[in-house]
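Next come two complexes, and both contain chain A; in the first it sits with chain B, in the second with chain C.
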Partner chain A sequence: MSNAFIAFQKCEETRCIVEAITDDNPNAVVNDQPAMVKVDVPGRLVIKRATVEEKMGRPFDLQELQLYLITISGHLDETDDEFTLRWNS
Partner chain B sequence: MDMKVAKKLGLKERYTLLTRDLAWETTYQPMDKVFPQTTYEGIKIHDWNKWEDPFRLTMDAYWKYQSEKERKLYAILDAFNQNNGHLSVTDARYVNVLKLFLGSTPPLELMAALGFSMVGRQMVGAGPRVACLMQSVDEYRHFQTQIHSISNYNKYYSGLSEFAHQQSRMWYLSDGKSFFDDAITAGPFEFMVAIGFAFEYVLTNILFVPFISGAAYNGDMAAMTVGFSAQSDEARHMTLGLECIKFMLEQDPANLPIIQRWIDKWTWRGTRKLASVGMMMDYMLPKRVMSFKEAWEIYFEQNGTALFNDLARYGIKVPKCFAQTVAEKEHVTHQSWIGFYMKPNAMSFHTWIPGKEELDWLSEKYPNTFDKYYRPTLEYWDKMEKAGKRFNNLTQPMNCQCCLNTVKYNEPDDPMSTCFRESVYQGEKFHFCSDHCKEIFDFEPEKYIQAFISSNQALQGNCVPEGVDASAPEFNPAEHMVDYWRLDPAVQGDFNGSQDQKNFAAWRDQATKN
Partner chain C sequence: MQIDLRTVTIKPLRQTFGHLARRMGADKPASRYMEATMDLMPVENFHYRPTWEPQHEIFDATRTRIKMKDWYALKDPRQYYYGAWVQARGRMQETAEGDFDLVDELGLAAAYPAEGRQAAFAVFLPLRHVAWAANINDSFIAAYGYGIAITQAACYACMDQLGVAQYVTRLGMAFGDLDALTAAKDAWLHAPEWQELRRFLEDLMVEKDWFELLVAQDFVLNGLLFPLVYGRFNEKLNASYGPVFSMLTRFQREWHAETVKWIDSVLKAAAADNPSNQAQLGAWVEHWRARALKAIAPVASLAFAEQTGVVLQEIVDQLNARAAKVGIAS
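This part shows the complex of A and B:
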């Protein structure tokens, strides 16, 4: 199965976001690179607002991801509560 | 008290209000006259409302987040410049990557801004119109921020000040210009595949992700912040390209062969453009994060295959050139560096022979090719340079009529011979670097015969600075090229012995001692 992935600039916010991803996606593989971090998940990667908020200790709008995103792979579906990347094969 | 509180609208509802309720069918003029370009490419669209931007970004959110990105970016640029950040890069060779980047990238961002303005105007649906508008503004932002981030280096280093003049004149900058000229003069749907898919999905993933991570690794906070800030928009751009391909495929099965041809064509054009980006990663970053080959495997082979497998349900096949790009990933960056190294007086950046440790790194990363085909050449040239005979090829390069790269790549099945192809059109012979470029030309020759190839134009007397008479009997075109390009004398020649090298050493010395 193809990997869905997302990469972020390294900062305090994305440390929490990556923690939330690894909690919600048990197959996530985190890859640290200079100034950035990339997370791969086979098939489907989901970011849940509630988990990110718990990690950050503050309200979080998923559209705030725009500030830290570097790249994504997979078809995207974004709602108020979940940001999902998925490959259908 | 019985007071009804209006519930805040959700993301989907806000997006629907923006992209559906604000659009209308024209009545003073028929729709096909208002949007005249959407049919001639043969793409059939039955229901524009099926288009949805998965980011569901509304204008208020767009301005809010983009302005936040800008504030962060300029704060970092100020801090970097105030702290003499340019002296914290690994070594002065690094600055040459910025010289090539400045000539090749911001002008393309500007062309992308123009292209998306034009295409946004042509799209019938409000969904793609809004997405194209945002992308156009993004591209303009990239164009400006890239120039701003590098402008501080222009105060200290050679070869940066004439990039805008050089973009449409310099032999090695024409490949990118040709890519965008080709895309902008195509129809709106082909433009979306060219830029949204090939450029964003294939190319920027390598340029702005591992390469920019490499810039950070080499201490260039300015390039890092501007690169990542740009790439934060690219995630949206890739999504737009992907959405456009899916939308066209779902609208009508007759669209499939047209889209397949565009995917074949633009994947190849993107691949050719990447040869020089890969060279920046393998040769020009003093410290390396990963090789171009590794980046190609992650971002094209794996990531591209994920996409092509996914699109297989619509009948899309892996691009025709796929196998050739996989074979070439072990060659192209070396061929590019060799191609540039041999023209020290005809470029706006310096070249050099990598040090021994760097050659060893290349041997390790390219075990099948580097020692066998490329290292001996570089070591031979190193000896020549040390003997005071730095290699300098004074002939004009031959460029591919389609991709405008210099013809320097190998035959697909023979690394020891150069691949040349040609076509005759209306009695004139045209040259190509590959079968794929020849095929692209043969499909639309009227388009590609118009390419501006500086070495051909120079010999015809069309590349002269003001005041030079090309019809004079003693006219020698080669004499005027440097003036025509406005090439800084300080940027000519090898990096070793250059003004940049000496200045950097002296300034760094001042920065660490009293």
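This part shows the complex of A and C:
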């Protein structure tokens, strides 16, 4: 199965987002690079707004993650509550 | 000459401070909030006991009847450390200033019906003295509480209450009425409808158990007074006269909505720690709720006249629902 992945610039906000991803995707593999962090998940990667908000302690609009986004891979499905990357297979 | 450029990855020896790594059970990056909060209060090697209270150490967990296995479980879900708190309040202040400017620019204060203004002033303006008392009470918690998790948040609440007092004062001045502030102080000191509330707050000022104070002031009194006045009374004014006072008390409403998350989560953590905490918190809520209701009932009837009973019941139900949700049987 191919990996769906997402990469962020490293900062306080993305640390919370990555924590949320690893909580919600048990198979996530975090790849820490200098100034960048990439998360791979086999098949399907989901970012849930509620989890990110809990990690950050403030309201979060999922579109805000575009500010820190470097790249993604997978088909994107975006709602107010979830940001999902998936390979159809 | 040829120069080869290559990337060298320097792996940091550690991701965070040792005490945080031990706490989290792994060496991973910690949030600013964790770094600026966890285990920062000195716990040992105190040289002298305070001369003014020799039965306690200078930082002492036994200044309250609440016991915690870990005092840093009383975390703030908003994750406020100084920087984050200042930024959040800065944003709120900017909005509030905008509202005051708009009211001034459009001349909304002058156009407000005199009878509505009278009704509003009678209820809102003495609240600046309430907010000042809350400031004193929260600063007591910040001074004598145990663990930075709670004292830090209490210190922010303390400063926020000072902000509330200032916004109430500004509200009076936005209507160009310094005499109204003097009259409000006189009402606070002498008018019968404020005396129970004043007694309530003055009793809290000499309460020595800081956790009991936290329950009485931040959970019970704020939990009743803020929805009552800044919520329901504003709605009533809006319906009769227009939304000017809702604009000018926006900070209070937003602040309360946000602070509820903090106090609820603190009580939840304390109640979850052990059954005797849970029982103690329940007893405190019951005791102070009864007293607070007695204290705000005359203020409520000033605001709601014959509807007082219905409104108060609604507000109490809300508070009871919050208590039940955080696991305090009362």
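Everything below uses one rule, namely that the second predicted complex is superposed on the first by the 89 of 89 C-alpha atoms of A that agree within 3 Å, B and C clash if a C-alpha of one lies under 4 Å from a C-alpha of the other, contacts with A are read in each partner's own complex, and residues count from 1 in each chain.
Assume contacts are C-beta pairs under 8 Å (C-beta built on N, C-alpha and C of every residue); 3 or more make two chains touch, one makes a residue touch a chain.
These numbers come from a predicted model, not from an experiment.
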* In the superposed arrangement, which partner chain does A:3 touch: chain B (first), chain C (second), both, or neither? -> first
* Quick one: classify A:34 as touching chain B (first), chain C (second), both or neither. => both
* Structure fact -> Between chain B and chain C, more residues of chain A are touched by B
* To do: Could you say whether A:72 touches chain B, chain C, both of them, or neither, answering first, second, both or neither?
  => first
* For A:80, is the partner it touches chain B (first), chain C (second), both, or none of the two (neither)? -> first
* To do: Would you sort A:56 into first (chain B), second (chain C), both or neither based on which partner it touches?
  => second
* Considering only touches as defined above, state whether A:64 meets chain B (first), chain C (second), both or neither. => first
* Asked: What is the contact status of A:15 with respect to chain B (first) and chain C (second): first, second, both, or neither?
  -> second
* Touching both chain B and chain C, residues of chain A -> 33-34
* Which part of chain C faces chain A closely enough to touch in the complex? -> 9-10, 29, 31-33, 76-80, 88
* Okay, in this complex, where on chain A does chain C touch? -> 12, 15-16, 33-34, 54, 56-58
* To do: Name, in rising order, each residue of chain B that touches chain A in their complex.
  => 10-12, 54-57, 61, 65, 68-69, 72, 205, 208-210, 212-214, 216-217, 224, 228, 231-232, 234-236, 238-239, 242, 246, 289, 302-303, 305-307, 309-310, 312-313
* **Touching residues on chain A, where the partner in the complex is chain B** => 2-5, 7, 9, 33-36, 63-64, 66-80, 87-89
